[in-house]
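See the structures that follow.
You will see subunit A twice below: alongside subunit B first, and alongside subunit C after that.
What follows is the complex of A and B.
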């Protein structure tokens, strides 16, 4: 790859992000600016912003890598990422907006009227956020190594520094417009090279995938277990369940709903998100398939996750290929930066507000200002996943993201769905659901990430835990709630009115209970 | 003059000669008293039994709609691996020159998801519109 082009593209993306962040600082001095701005954001722009933040390293690089290495069954990943928003739309989009909650812990506390549930949710937000940040940093390391040959820690560090500078300065996040632009930037960066590559492929007479004779059939067929997957049927269903139910519980998703003026706009926004994601996800598999055509054997030292970046030069040698690679590298960095910024903002906000502020105040004798506390939280939010990215062997970008979805689906999905629709949910039941789902899913994730490949059923069950952890979490929450009817929050009926009635009725909507 | 008082007046022996008046006031009763009714929104706010009934109606209508959409999605998407498993021919089937599984999972899923989502948004807005009309019409 031409290092100069690639580095130029990455530096441009980083500088733009920082520049817009600094500019945004002037636009959004106080949080209330953000709230006011929220009233004027149209569903279309809001949806672009959600797409811009949601399309991460897993979408930009990971899907193509998975399709390249494991074949057709991996198409369930982009399908699941999209379907997750349909489920979110149908079950919680409007109630979440109407709850007036700004973060998941806010929702948990408002619905269940318990500060302990809030603390539990905060811990989970931090855990899921860190798990989701990990592949963003790993992806950045991979991408920069493909472009410059630098060791992987350099690329991760670049993202860490840009995001910390950006988030700690207070920019980026609050500006819906920037995230909205990010979506169109990423779509262009992945679509234009894809069209060029497809044109070349057509001109070459549509050559088929190059695989060794026995495996060609398996790669292109569903449920073949190609790429060393045991129990592909179970894995397919479990992945689909995790992605479909996990989306609503991701820490950086709910915040964006707050910028919708009302529940109806929240639904329309989600509808547009489904359209935008569907459009984007047409392209990553193209790279996976063409990778099998033009790069049947990965060059030494290249991971499957880098196939998107390596492909253009294999298809069109010369400066056109180099330019296309640079465009893709820039798009990939835009993906790392926007997703990492959104996640860091959410994690840092929760760390600061719920976990650090009181303790920090005691330690420093109330010397620390609010801003200092938030900056400290930002650094902490990034340093932990950075350290983990150094020590944990990458198991595939989309796979790691899939695990974050599994944890979110096993914890926040029952909380949000039961909390929105079932008056019988008790505080104890919700807590029991969060703890059981969280412990089981996080345990499975830790074993998968630390113990290396496990074969047979244990490997499949631990590697794709959602199919058993989500039902267990739901059951525990329901059974414990039924056993503890006395602990149903006192104002449940009032909360339900707020969550489900249209705003145009002018009902009492204050979050304070009378 | 309230309808109640007119009705009493009609019963008075001196006024027996004016029966039509009774009919007129009784037909106006609904319109006249309507203005004095508490708005239903207050029943919702104060969580009276009536308000609870309306809320339960709204929520169950929305939940039925959501279940319909989710069951459609679960059968449609969840049925695909089952189809591939039970009818192996579908794994290699070619449709317009493309392998069927690639066509479905790579392309067709997305417009269908969008149509389903659009159906849901329209229906749920209709449910809310009707709810607002019943509850909020004053």
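What follows is the complex of A and C.
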């Protein structure tokens, strides 16, 4: 690969991100602006921003890697990413938007009237955020290594620094603008090379992937292994469930719904998001399929996740291939930067509000300003996953992201669905659900990431925990709630009316933002 | 909008929750949303089921290298979008006007 082209593209993406961020900074004045852009973002721009934020390393590189290594029916994976949005929209988006809360912990506290549940939710937001940040940083390391041969820690560090600069300086308003731009950047970066490569392939008259000799014989066979794992049907369904129910529990996704002025705009936004995501997901499979045609055997030192970056030069050697690779590398960096920015924003917000602020105030004798505290939290939000990325062996970008979805689905999905639809949810029940789902799912994730491959049913159950942890978390929350009716929050009736009547009903809204 | 100017007590909320209209609003929502969610999740899970147990059907060639599985997979994106459109139209047409009526009643017809 031509290093100069690739590095130029990556530097351009980083500089543009910082530049647009600085432009947005001038618009971000009050604290409310700082967090949710004053709720003045139009549905169209908001949808682009959601798309920009959501399309992460897993989408840009991971899907193609999955299709390349496991077959075309891996299409269910990106469909799952999209379906999660629809579940979120119809089940919880409107009640959440109406709760007046800004973050998941805000909602938990408002609904269950308990500061302990708030703390529990805060810890989970930070944990899920870090788990989701990990593959972004690993992906950045991987991409920069393919482009320049630099060690993986360099690419991760670039993303860490750009994101810290952007988030700490500008807050949400600038991030909304940056994210909206990132979507179109990413779409262009993946679509244009895809069209060029497809044209070359058609002109080439090379056979389709099914006819390629060697390993690819049964490649087109559906569910040909889910990355070589045992029990692929279980693994697939479990991941599907995690994607469909986990999206609502991702901290960086929910906060976007508060930037809509009302429920109607929130629905318009989601509709546009589904269209934008569907459009984007047409392209990664193209790389997986063409990868099978032109690179039937993965060259040494490459992971399936880098097939997108390696493909152009295999199809069109020479400077055209080099330019296309550079464009894709730039797009991949846009993906890491945007997702990492959104996640960092959410994690830092929660770290700052719920875990650091009191302590920081005592340490500095109330000297630290609100914004200083937020900046410190931003640094902390990035340093931990960076350290983890240095020590944890990558297990596949899409797989790691799937695990973050599993933890989110096992904790926040029961809290949000039961919290918005069931009056009988008690404080103790909600806490028991969060703890049981969180401990089981996070435990399974840690074992999977640290213990290396495990075969047979234990490996499948631990590697894709959502199918058992989500039902357990729901059951625990319901059973414990039924057993402790005295601990149903006092104002449940009032909260439920607020959650299920339109915003402009004029009932008092608590703005829980502090 | 001066929300502070409008004082609502806890009892008003409980009264509202007991009204026929509010119950109707929630029932309508559940009658539409819960079955629809179940239906589209089932449709989506069917894709994986077919991929796992009907590989011959899924790998049937339709045109050139394009097989049923590929069309089905892309169709999932289309159906997801269609479902979202249906929901948004339903919410605009059926749900919002009723919620607005409830609003007007509580506010004594104030805009």
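Just so we're on the same page, the second predicted complex is superposed on the first by the 475 of 514 C-alpha atoms of A that agree within 3 Å, B and C clash if a C-alpha of one lies under 4 Å from a C-alpha of the other, contacts with A are read in each partner's own complex, and residues count from 1 in each chain.
Here, a contact is a pair of C-beta atoms (placed from the backbone, for glycine too) under 8 Å apart; a residue touches a chain by one contact, two chains touch by 3 or more.
Computed from a predicted model, the values in this text were never measured in an experiment.
Student: After the overlay on subunit A, what do you see for subunit B versus subunit C, clash or fit?
Tutor: clash
Student: Mind working out whether A:267 is in touch with subunit B, subunit C, both or neither, as first, second, both or neither?
Tutor: Both subunit B and subunit C are touched by A:267.
Student: Of the two partner chains, subunit B (first) and subunit C (second), which one does A:231 touch, if any: first, second, both, or neither?
Tutor: neither
Student: Touch test for A:83: subunit B only (first), subunit C only (second), both, or neither?
Tutor: In the superposed model, A:83 contacts both subunit B and subunit C.
Student: Going by the contact rule set out at the top, does A:357 touch subunit B (first), subunit C (second), both, or neither?
Tutor: neither
Student: Between subunit B and subunit C, which residues of subunit A are contacted by each of them?
Tutor: 72, 75-76, 79, 82-83, 86-87, 89-91, 220-223, 233, 236-237, 240, 264, 267-268, 270-271, 274-275, 278, 281-282, 493-494, 496-497, 500-502, 504-508
Student: Provide the residue numbers of subunit A that touch subunit C in the complex, in ascending order.
Tutor: That would be residues 72-73, 75-76, 79-80, 82-83, 86-87, 89-91, 208-210, 220-223, 232-233, 236-237, 240, 244, 263-264, 267-268, 270-271, 274-275, 278, 281-282, 491, 493-494, 496-498, 500-502, 504-509 of subunit A.
Student: Contact residues on subunit A for subunit B in the complex?
Tutor: 72, 75-76, 79, 82-83, 85-87, 89-91, 94, 220-223, 233, 236-237, 240, 264, 267-268, 270-271, 274-275, 277-279, 281-282, 285, 421, 493-494, 496-497, 500-502, 504-508
Student: Inside the complex, what are the residues of subunit B that reach subunit A?
Tutor: 41, 44-45, 47, 51-52, 55, 58-59, 62-63, 66, 69-70, 73, 77-78, 80-81, 84-85, 91-92, 99, 101-102, 105-107, 109-111, 113-114, 116-118, 120-121, 124-125, 128-129, 131-132, 135-136
Student: Under the touch definition given earlier, write down the residues of subunit C that touch subunit A in their complex.
Tutor: Those in contact with subunit A are residues 3, 6, 8, 10, 13-14, 16-17, 22, 25-26, 29, 33, 36-37, 40-41, 44-45, 47-48, 50-52, 55, 58-59, 64-65, 67, 69-70, 73-74, 76-78, 80-81, 83-85, 87-88, 91-92, 96, 99-100, 102-103, 106-107, 110.
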